[in-house]
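Both of the next two complexes hold chain A, though its partner changes from chain B to chain C.
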Partner chain A sequence: MSTLIDIRDISVGFVGRDGRTREVLRNIDLAVDSGECVGLVGESGSGKSTLALAAMGYLKRGLRLLNGSATFNGTDIFAQSRQELERIRGGQLALIPQNSGQSLTPTMRIGAQLHEALRLHSALPADHHATKAIELLGHVRLPDPKAIVTRFPHELSGGQQQRVAIAMALAGEPKALLLDEPTTGLDVTTQAHILELLRDIAAERGMAMVYVSHDLGAIARVCTRVVVMYAGEIVLEGSTRHVLKSPTHPYAQGLLASIPKLDCAALPIALDGRPPAPGDAGAGCAFADRCAIVQDRCRSVRPQLAPSEIGGTVRCFLAEEAKRQKGRTTGAAPVRYSGDDTMLDLDGLSISYAKPRLLEQMLGRGTNVPPTVDDISISVGKGETLGLVGESGSGKSTILKAIAGLLPPAGGAVTAGDQPLPHTVEQRHPSQLRQIQLIFQNPDDSLNPRHTVSDILEQPLKLYFGLSGNKLRARSAEILERVRLGAHYLDRLPNQLSGGEKQRVAIARAFAAGPEIVLCDEVTSALDVSVQAAILDLLNDLKKTQGTTYIFVSHDLAVVRVLSDRVAVLYQGRLCEIGQTHQVFGGESHPYTKVLLGAVLEPDPDAEPTLAADDVVERAPPERGCPFQRRCPRRLGAICDTDAPPWQSPATGHAIRCHISLEDLNAD
Partner chain B sequence: MLMRRLFLGAITVWIVSVIIFAGVEVLPGDACTAFLEREAQGKLLENCRETQGLNRSAAERYFDWASGALRGDLGVSANGQKSISELVGNRLRNSLLLALCALTAGVPMAIFLGVVTGLQRDKPVDLVFSTTAVFAMTIPEFVSATVLILVFSVWLGWLPGIVLTSAGSPVSEFFPEIVLPVIVLGMVMTAHILRMVRSSVIEVMAGDYIQMAILKGVPYWHIVFRHALPNALLPAINVVALTIAWLLGGVVVIEVVFNYPGLGRMMIDAISDRDLPVVQAIALIVATVYVGVNLTADLMTMVLNPRLRTHALRGS
Partner chain C sequence: MTKIATTPAENTRLQRSLGVLRDVMARPSGTIGLTLVACHLILAIISPWIVPYDYKAMDSLLMLKGPSGAHWLGTDHLGRDVLTRVLLGGREALLVTGIATPIAVIWGGLLGIFFGLVGGRLDEVFMRVVDAFLSLPWILKMLVLIVTFGTGIEVLIPTLAFFYGIPVIRIARAATHDVVARDFISAARARGHGRITVISRELLPNVLDTLMVEGAMRWSWMLLAFSSLSFLGFGVSPPKPDWGLMIADARGFMSFAPWGVLGPVIALSSLIIGINLTADALAKALGIDRAQKAPV
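And now, the complex of A and B:
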């Protein structure tokens, strides 16, 4: 095997406001052989993407190469002219970006973007480009490639866009592929399919791959070797098996312990603290402040990356110690609900996004498009947590909006406590508004950047409790304590907080209203796993002390598993299954639930996903029959298309909506 | 979609026409009191109102006025008894001429400079033009007009400093008198469009798909012309539309300073003469131009932006 990508002693940095050079990458060595797939893992800010892009000779605006070199196939990348780089990039060395939706030019058709790649990087004559483009799209398993070439990027689903990006990267017959979080933001099912595709392509073409991801499950699926990065340096390197099964660096251990597991209902263990900002690492080990087994020398001497006798290469004085200690891998058991008072009741809720056309509006007619969300009847107990799961477009967030009164439902009723709630926020009484609070996915969007933490927390306190003066300040501080932030945070602005701290403030704002029901909309999706673990722990704690009822929406089934007492599975805005968490996650379940569970990737090189259904995105639910009819791997026949499936109950509190009999469902 | 926009545009113009008509209606006095001045009383006033049709109900008169306007007949002016359509027609032509000259000179230059400064962000070229643009935007038009007249007309004697051509003269006679007003207008207009295009180019060039194009090995100029500009220039369409509307209806100061016989000056004259039918007519024209130009801009954006033209996949 020849070394294809060879990065030596590379340091990259920027000049900070104080004039100091701050390093984002510190003396990194990385060699990738042809045919090998190396995973780059780390939290946000660890420098993994910067490293991958540096392999292409590309540094983001403001960054500079401070030291070292990057060679690709014997060519010193940073010494090349612009023309030479243009020849290599997208040709022998191609990138598959994160979020292809934004990486495809919105004003160019898919065909035009593929032709461009072929024109620049393939030896094919121009009149073969059209057929080659269609061939490439077929190769990445896109249905109907002839139609896809005429589409614009926004007309495709996230998974299709990602496939187009892969096809584009393959256009130049690359020797090496760099993948920058290629499946982040995709549904579990789509992610699993994309990863299988990448595995197959790598195997069949013998390409080298550098796979950048924070998701150890994805890494476990495609990589043979893993490099763990922390604060701009490599802390651990070894075979995937070694790194994931018996990590020798305390950071890698912490990272693994903070991932919620599908087969384990315990809370993941949070990794406290946060990595040093670029240039602030100090003289010792960058991880020292967060390390459980830190010693004095760790703070004064920077450990070197050295081959370890127990396998791999590790940057830690205490690697063997770390391996021996290994620590707890699972956390405390979450609080479980027991009671029978109903807190929230949804009765036949249906919501429609389709707006009648102007003419229809004037004639007083509605639309006959099936509603986005239909016939949702769920009741949630006082202090219970209900998880809502499903792919994007399943109507999870839509239901939360309707409960919060942000989106008037087309039919059905929402009852909180024993009062029926009016449909819109405007019609609701302040006490009803106080009762239900919403926490959003991204605190960057949900916190006003010009309001200090105290402004943010004081609003609900003034509005619902009429507090003022010292009382108001004291109460704000008290609430901050409850989300484990000190009173000194009160005068900070959101941009002076880390992602996890911002989400804590958002949680504190919701709890400041003293709500009975808290709606959590993907509250941990934008956070690093270690931070996610801390947030889950906090939510669990608040549930214990406040007796709050949660509705917890997430596309991450393992996260839902941790907190939920009951889980409802949604497809295309219709309920497929509802039951106790352990009932839904094991035993007989709806074919769609099986599809979702099968696609989950565990951070374990031996775990293998099952891909039971295609990752097709449906534009609208079918008019009749079972909502899952078009993708169901266990379709019975015409009955699925014509008749609405019946509710079947295999056990108390567990209900599955399917035509297949319970025995047959169980048999699988 | 197109029908809907046209329909809404027509409704806007209609509402504006009602407001204009009602606004004039609630003012004390009418065309007859203005025309007869001190003799506006008794029999004389009644006779005048009879001949002018002013004693009919407001609704009837509105209907007359509106249906006339639809046919291009804007009624007669109060004092001169001349056809407003003829009076306004020439002025509208002159305003169009001024706008057209300013646009042909200004828009290409503004877009070119906007793209150059956007691409050369924070480099000397950018600093020079961006700063100049800020000056051009902030200096009041009458100041820059006066300075230009002083320099090019009084000191150098290269260009006439004032327009002496009468409103009805053929287009060719407006040259070279029109040059200085065009320069003043062009400066303000170019500055606005330049700043807009510059920030749009900067935003697009920092986008993910530009980074992707670079990493795909697309040559630089190809990135600029095929990937960046079609996206960066979309917001410029609306700014250019607003500029056109402004040029056609709102350049009062410049027309007064240069004595240019355009719509803006006619409006001022009509207001000071209390010639209400003319005021109504001009207000209606300007409103229609605003609606029309913005509608055209929205339609153009729709045609050029695939995201508005085709349906996106439903999000979560």
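And now, the complex of A and C:
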């Protein structure tokens, strides 16, 4: 096979405020053959996107090519004129960026957008465009392409939009596809479907792919070769099997150990510290500060990429050592709950976003639209962690907001301890507010950019405990200590912190109130896996020392598995299944739980997802019957459409809501 | 107990303002813009003491004379020194707009924040009204008022402040909407802070940045409007010097005595360019995306 993308000794950098040139990519060599799929992995800031974009001659504003060259199919990319580059990009070399589904033009029909892509990037005469557009949509496995061409992007689900974006990239018959986090932000089930599609397309067309992702599970599924990047360098490169199964670089080992696994209930091991900022890597190994087996020479001499004994290349003096070392492969066991006092009780909670008139317009339906969330009855024990899982739009955040009093429920009751809670924040007593604290998904959004860390921590301290002056600051420092940040962070602004540090501050703010119940809404989704592991460890620690009750919302089942004592599965705002974590994750499960579990991608080239249900996103729950009726792979028939399924209990504490009998559920 | 950090607060409000100023100055647009604006302000303040002639002094022997050692910018059709009149000609404009701009930003900002917070039907209806109003040509709106109430500072300031506050409503409302949707507002509400605290501590600091940039933009538009009014004879009344008025007076002689127009035009445009450059640098320093700013 011939080399299609050939990157030689490339360095890319920017000039910092101090006038120094800081390198974002350092002397990178990468060759991709046609028909090959190479995965680029690394923490955020490691330069993986920059490298992929450089392959198509694109550098973000402020970045400069310092050294090296990139050739595509024999043409020197950086020597091309603008027009020539534009002809190549989108034609033979196509990019699918993150959220590309959302970046479709909202006011243009899908067909028109495809025609535009065909006009720009294919040699096809205009009268063939219509048939070709339909053919392309078929290629990306969209049902009923003829109907889809007439639709607008907002009439498609996130997964379908992403498929259209892929179809557009295929319009120019590309020889190579660059994919930058193409499934990040999509649901597990949707992600699994898209990845299968990419695999098939690559195989059918013999295309080369460069797949950038921080998700090793996705990489394991589509890539044949993996390149691990750290601080702008390649530190390990080899076949997917070699990199994921027997990594020889300490960084890759650390990265793998920090990923929670579905089949293992232990806490993942955090990789402490953070990568050096561009230009700060120093003379020695860039990973030295975080490496467990670092030696003196690592700090003074920069290791070179060298072939490793078992294939691939590695940048480490002690690669052989590292391989033998293997390190701890499992972390500490999480704290498990064993009590029976109820802390939080949700009784028949139902929440509706419908402001009747507006919703009628929006959905074009009658007035009795079923509520977004309905009939949620769960009780959570004191010190227990309840995991809440479900796809996007299943109402996870909505339930947390109702518990916090930010969204008044339409019906049902919330009881904390033995007191019924009023529905809104305004009606609640300060002690009731103090009791329940919320931590949000994205710390960039939940921390006021204009407040320093001490401002942020002082708010609950002043409000609930009336502290002031020196006491206030001392207490803030103490709380910061508890989330393992030093007191010198007190005067920083959020933009002077890393993502993980920001989330720690957000956690500290919640714990400053001394809450009994902490609601965690996707608290690790915006973070790198290595940072995620540290945050999970911290939450577990706080649970141990403070005896906190958590409701832990996540779309990542492996993360939920690690922390939760019990798990509730939601579909379209309705409970499908609830039980002890091991009961839900094994043994008999609701068909929807099975679908979710089947779609989970493990960072293991041998693991294969099972794709049961379609990745269609539903806009509103059905009015009658089982909420999962439209997508259920095991649908029994009309009864599922008309009758609400009964709760069945295979074991104490485990309940499944389905018409299928327990024996049959078990059989599969 | 944990030891308390003894490092001085490095992120106080003053520190931040200084940081922003430094950032503005570090950009070419900021350096040039601020220098231009500062020169104008200083000259406007000290000009009565440094002008070479009396701005009213006419000399029929010196009508429309070109630049010379005695009259660097020549003389106008009444034989008055152009340099003197250019130096003094911005005072009235700066005074009026300098008072009207903050008023416009404050009332427009408050109303915009209010509607941004209230949301819903009321907000939608009100914004339609604002849009309709904005779509009328501004000069028409202002002339109606001035013709009704007469000219003079006491009319011009409220008029300009009123009209230029209206686009601020839109900007402030949009900025408020953006901030209100963010989780730190939900977090503050969920903690149980009162409405006033949420608005003053969480919302305002984030909206003020946008309003500051908007204020600078309004200022430059207002200067242009003021000069246009003078040009049309509705602003400053002669013989008081004013750039707009001077351009109007001198434009008839432009073909053979261009200095009469050139002086005030350069003065006015350099001030407006200076303000725009500063606003631009300020927006960049504060990280505000000016692309989403509503049209005038």
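Things to note:
Here, the second predicted complex is superposed on the first by the 645 of 668 C-alpha atoms of A that agree within 3 Å, B and C clash if a C-alpha of one lies under 4 Å from a C-alpha of the other, contacts with A are read in each partner's own complex, and residues count from 1 in each chain.
The criterion applied here is as follows: a residue touches a chain if its C-beta (ideal position, glycine included) is under 8 Å from a C-beta of that chain, and two chains touch if they have at least 3 such contacts.
Model, not experiment: these values are computed from the prediction.
On the superposed chain A, the two partners chain B and chain C do not both fit; they clash. When the shared chain is aligned, chain C comes close enough to touch A:G405, but chain B does not.
Within the superposed three-chain model, A:P460 lies in touch with chain C and out of touch with chain B [touch as defined at top]. Residue contacts after overlaying the shared chain place A:P182 against neither chain B nor chain C.
Contacts of A:E481 after superposition on the shared chain: chain C is touched, whereas chain B is not. Shared-chain residue A:D491: touches chain C; no touch with chain B. The interface of chain A with chain B does not overlap its interface with chain C at any residue. Here chain A touches chain C in the complex through residues 401, 404-406, 425, 428, 430, 433-434, 436-438, 440-442, 445-452, 459-460, 463, 470, 473-474, 477-478, 481, 486-488, 490-493, 509, 513, going by the rule given at the top.
For chain B in complex with chain A, the residues that touch the partner chain are 4, 7, 206-209, 211-220, 222, 226-227, 230-231, 304-307, 310-316.
For chain C in complex with chain A, the residues that touch the partner chain are 1-5, 7, 9-11, 182-184, 186-193, 201-202, 205-206.
Interface residues of chain A, counted against chain B in their complex, comprise 53, 56, 58, 61, 82-83, 85-91, 94-95, 97, 99, 102-109, 116-117, 120-121, 152, 154-157, 165, 168, 172, 353, 358, 392-394, 396-397, 617, 619-620.
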